[in-house]
C-alpha cells in the first residue's frame, strides 16, 4: 500500500517536498497540503496533484488517510507540530530546526521517549549528500588517519531580509553545518567562539566561528549570507595523514573570452536536490519499516544543533569563548545509535 | 493508472532497467521479466518485485496486463522484438542498437511509419546526461559561435572478451558517440576514416576515427576498450568563439601520499545512472501521452548510427576514407522532429 | 660593474641564495660564504664558485670587495648582523624573522632611520609569488569589492624536531602568513586568538588562529607542521562581491589506477623557487638603485610580524583573545611607503 | 669569460631572445643585434644594452667578438644563416623551422657532418617545457605502460594575416607539435592524413591531422589558429595502463558573477616563457662545453619536422593519407643520440 503524506507548510521547502513526494517517491502518495494561507495550500496541492488542502494542521495530522507528515512551516511551529505527530502516532520529517530552544527540544525528546518508539526525523539533508558521505567514509576507512580539523564555508548569494543579523547567521544558517560536522566527526562540540566582519554596506556581514570538540578537534565555519558571487558550500576534513575536500559537482567547462570557467548555482537547490531526494526516501523507508534511518538526524541531533547555536549567538554577542553545555544523552537516543550502526 | 512494464532481457542492462522501473519510476509498475534463461528471469523478477517471469518474449509482449516494453536482450533480437511491439501496438524502449544492419533499421522504420504513430524510443541515454545537455544548450545559446569540431573519447577499464575486435569497437562501443554527437551538432555524418593503434599484448587496441559532417565540422573519436585506468568519457565541442567540455562529476578530492586525487569509476553505471533514470522517465511520459520525447532517440537515429558504424568498420578494414550514405529521411521522422522542437 | 655578494649562513636557505646569486642573478657576483662551520662555508662556496669562505661574519660584512649581504644564519643572529650591515653602509637581504623580539626590531628601525636611507629588505618572499600577486591585484582592481575575510593554510609534510611546539608554529612558521596577509590586505592586525588541536601521537599538532584587522576583516590561519601528505599552502581572499584563491601550479595530470591525480611538493622549494628568484632580483635592483623595492618587506614589516607572533603565542598559552599593540609607524617607513606606491 | 651573442632578427622572437640573453643568462653577453631594418636593430640593441647593431648578418657572424649566434630572422633565411655559422665555426640557436624544404635541411646536415662537430640547435623550445618533461618522464618511468596514442591541440586567439591557409597551419604552426611529439614518443611518423573544418567567416579554419608512427601509435593534432577564446596548448599521452595530460599552469582562481574561473593567456609567451629561458640556457651550456644538449633539437629533428609538414600539406591538398618518407638517419646524428641519452 502507498504511504499517504501530508505536508504542512507550502513555502519554498514545502513545495519542494511536495514535488519530491509526488514525482520522486515511488510508494508514496501526496494526499494533503496544509498552509496558513488557503490559496497557497491549494496552489501547491494542485501543482502536485494532492487531492486535499487545508489551513488546519491539527486536523491534517489527525486524518485517518494520512500515514506520515512533513513539517516545513515556520520555525516556531516545528516543535508543537512534531509533538502533535508523536501524540497521533505518526512519523514526521521535520525541517530544521526542531526548535531554536534547547528546552523545547528536550520536551520533544521526552515525548518521543515516552512514546517508546521513534517518530521524528529532522531535515538535515546534508547527511544524504554524496560529498559529505565520501568524506565520512574516508575518515572511517582510516584513509586520513584520525581527524584533526574541519574547515567549513557556507555562502549564499544574498539574504534579502533587511533585518537579518549575525546572530541569525549562527542560529538559522549554521545549524546545517553544526549537524553535518557532528555527523562526519561523530563527536560533540564543547566550546564556540564567534566573530563578525564589517561590511561597507548595510547587508549582514559574514560570521566566522571556531568550535572545539570533545575529541580535541578544531572546527571553523564561515557563514556568509551575502557572498554575491554564488551559492557555495565548501568543507575540508584534515586528518593526521591526509585531507579530503568536498567538490560541488560541475557538468561542463567553458572556454570563452580569455577565461576557463564553471558555473556556481544561484541557490541551494541544485546542490542538494539529490540529498533531499535521498533523505525523503530514507524517511519513507522509516515510515514503512519503523526502523530509524542509519544516517538520519534525530531529536538528539536537533537538540545538539540548538545548544551550539545558542552558545554561538552568545559568543558573538559577548565577544568571548562560550562552552557548549549539553544534557546527558537520553538512553532512548543513545541505544538507537548503537543499534543503527 | 500505473503503466505496467515488461522487461525483455535480464542481463546487466535489463536488471538495471528493472531496478529503475521498480524503485525510481513513480507511476510505473514492474510486471514481468522475460529472459531466455528461466532462472535468470525469475531472479531479476524476485529481486525487484515483478510478479511474473517468462522465457517467451512474444507472449510477454502480447499480454493484456503489459502496457510498455523495455528491450535489453542480445543485439540481434532487438529489431524483431521491436517489430513485435509495433505490431502489438505497445510502446517500446529498445537498448541500442536498433540493429547493426541499416536495412533492418529501414524495415522497422517502415513498420512504424505504416502504423501511423510513434512506438519506438532507443536507449541512447547520453541524450539525457547533464554534461551533454549543457554542451548542446551552450551551442544553441550562441555562446560558442558556430560549431567547428568535436573531440570525443570513450574508455573502458577492460573488455574481457578475448575475441573483441577493432571493428566491434566501432560497431558496438562507438554508436553511443555517433548518436550523441549527432544530437549535439544536429547534423549528419558524411564520411568516416578509422585507424587502430598497436598494443604489445593480445587485448584489443584503441581505435581512432575522424568523421566529417554535412555542416563542415570535423569530429574525432577514440574508442579505447582496454584503457585500464578507469571508465572515462570525455568530449569537447569547439566553436568559432569558444569551446565547452564535459566534466565527469567528482564528489570529493583526497590529499594523501604526495598526491591530490579524485576517483575514476570502474564502469559506466555511476557516470550514466542519472541519465538512465531520466531516459526511462521520458519513456514513461511517452507511454502516457503518446508524444515522442523532445530529446529522445528514434528509429531514424538508430538507422543513422547503424549506417555510420557500418561505414566505420569498412574504413578500418580498407584503410580508406568511406563516405556515409544515408537514405532520405522518411517524412514520418522528419515531421516529428519539426514538431518536437 | 657586478654587485659582489656575501652570504652569511650556509644552511639550506643560504645555499639556495648562493645558487640563485651564482646562477640566476645576472649582474651579481657570489664572492663569499660565511658560516660558523668552516667546512660548510667552504663546501657551499665551492659548489657555487665563490672565491672566499670564512667563519667571521663581521669581517665578511666589512670587506671592501663586498657590496651587499644576504643573511641566512640562525634567527637570533639576524638583528645583530643587520645592524652591522647598516653600520657598514651595506644593503642587506635578511631572511625572516628580522627578530622574534619586537624591541629588537625597534632598535633596528632606529638604526636604519638614523642612517637616513634604506638598507634592509626582509626575506618574506611570498610577496614575489605570482599567486599572491594576482590576489592582491584583483583586490586593488576592485574585482572582489572590499576585502572581508582571508582564509590561510600552511602545511608541511613534517617537522622532524621533537621539541617543536604550538607556540613555535606561531612564531616560526606563521610569520610568512602574517606578512603576506598584511601585504595583500594593506592593513594591520588588531587582535589574535589561537587554538591547538590534539594529535594521537607525539608530533606537534596543528594550530588555528583567528586574527582581526584594523579595517574590520577576519583572517584565519591553519599552521599544520605535520600534515604528512605534502607541502601545501592555500589562501582565499573573500570580498563583498567575489573571492579569489591561490592555485599551487601543477604541470601534468595522471590517470592511473582508478584515480586522476596531480602531485604535491615534498617541501617549499618548488612552490616558491620563482618567488625567491624574483625577490633576490628585486634586492639586486635595490642595491644598484638605492630605491627600496615597491613590493619589498622592510623592518616595519618585520616588526609587525614579530608583534603579532608574540601576541599569538600568548593567546595560545592563555587561551584568550590578545590585542596586537604596535607602536606608531615611524615616519621613515611611513614616508617610504607613500613614495613606493 | 662571458659568451658573446649576436642575435639575427629583431622581431618578436628576436627581441625575446635579446631580453633573455641580456637579463636572464648569467655568463652571456648580448653584443650585437642584426636586422634588415636598421632602426629596428638599433631599437632592440638599445632596449637590452647591446653595444652593436647592424643590417649585415654575414658580417655579424664573422665578427671576432661574437662567440654564438641566435637566428630569429624570417624563415627563408634560416638555412643560409645556419650554413654561414657552421662555416664560421660558431654555434647557432636557430628558431624553427630549420627550413621548410627537406632538401635544404639535408644540405645543412651535410655541412654540419662535414664539419665534424655539432653547431646547430633548433628552437623547438617545448622540449624544455615542464609539462612535456613530466609527460616524457612518466612514459620512460613505465607509469603509463607502452605509449598508444597522443592527442594534441594547439590554439591561438587569432592569426591576423588574411592570407593564412590550412596548409600554413601545417607547415608553420604544427612543427612545434611534430617535434615535441617525436621527442616524447621517441619514434618517427610514417603517415599523415589531414582535414580542414569549414568556418562561417573568412578566417582560416582549424586543421585536424592524424599521424601514424613507426611504433604503431596514433597521434592526432588540432591546429586552430583562430580559436578566439585564448592561447591554449593541450596534450594527452595515452599508454596501455594509464594516461597523462599537460596542465597549463594557473596561479589563482576567481569566484565572481556565478562563475568560477581561471584565465587563458592571450598569446604563447606566458605559457612558454620558462621553456625559452631553459632552452637558451641549454644552448649557452652547449656553446661552453661543445656537448650537444641531451634534450636539444638538432638538424635531424628539423629535417623530420620539415618532411612531415610537407607530407601533411600534401595530405590536406589531396584529401588522402600520405606516407612520410625520410632518408636514413645520418651516422653523425644517430651516434650523438646514443651518446646523449
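Letters A, B, C and D name the chains as they come in the text, with residue numbers starting at 1 for each one.
Definition applied: a contact is a pair of C-beta atoms (placed from the backbone, for glycine too) under 8 Å apart; a residue touches a chain by one contact, two chains touch by 3 or more.
These numbers were taken from a predicted model, which means no experiment stands behind them.
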Ask   = Which chain's mean C-alpha position is the greatest distance from subunit A's?
value = D
Ask   = Taking A-C as the reference interface, which entry in C-D, B-D or A-D shares over half of its contact pairs by residue number?
value = B-D
Task = Could you let me know which interface, A-B or B-C, is made of more C-beta pairs in contact?
result = A-B
Query = When the C-alpha atoms of subunit B and subunit C are each averaged to a single point, how far apart are the two points in Å?
reply = 58
Approximate Å spacing (C-alpha centroids) for the pair subunit A, subunit B = 38
Ask   = Which subunit B residues sit where two or more other chains touch them?
value = 229, 241-243, 255-257, 262
Touching residues (chain side subunit C, partner subunit A) in the complex = 145-146, 148-149, 151, 153, 193, 195-201, 205-206, 208, 210, 212, 215-218, 220, 222, 224, 226-229, 238, 240-243, 319-321
Task = Enumerate the contact residues on subunit C facing subunit D in the complex.
result = 22-26, 28, 130-131, 133-135, 138, 143-144, 241-247, 249-257, 262
Note = As the complex stands, subunit D meets subunit A at residues 229-230, 232, 255-266
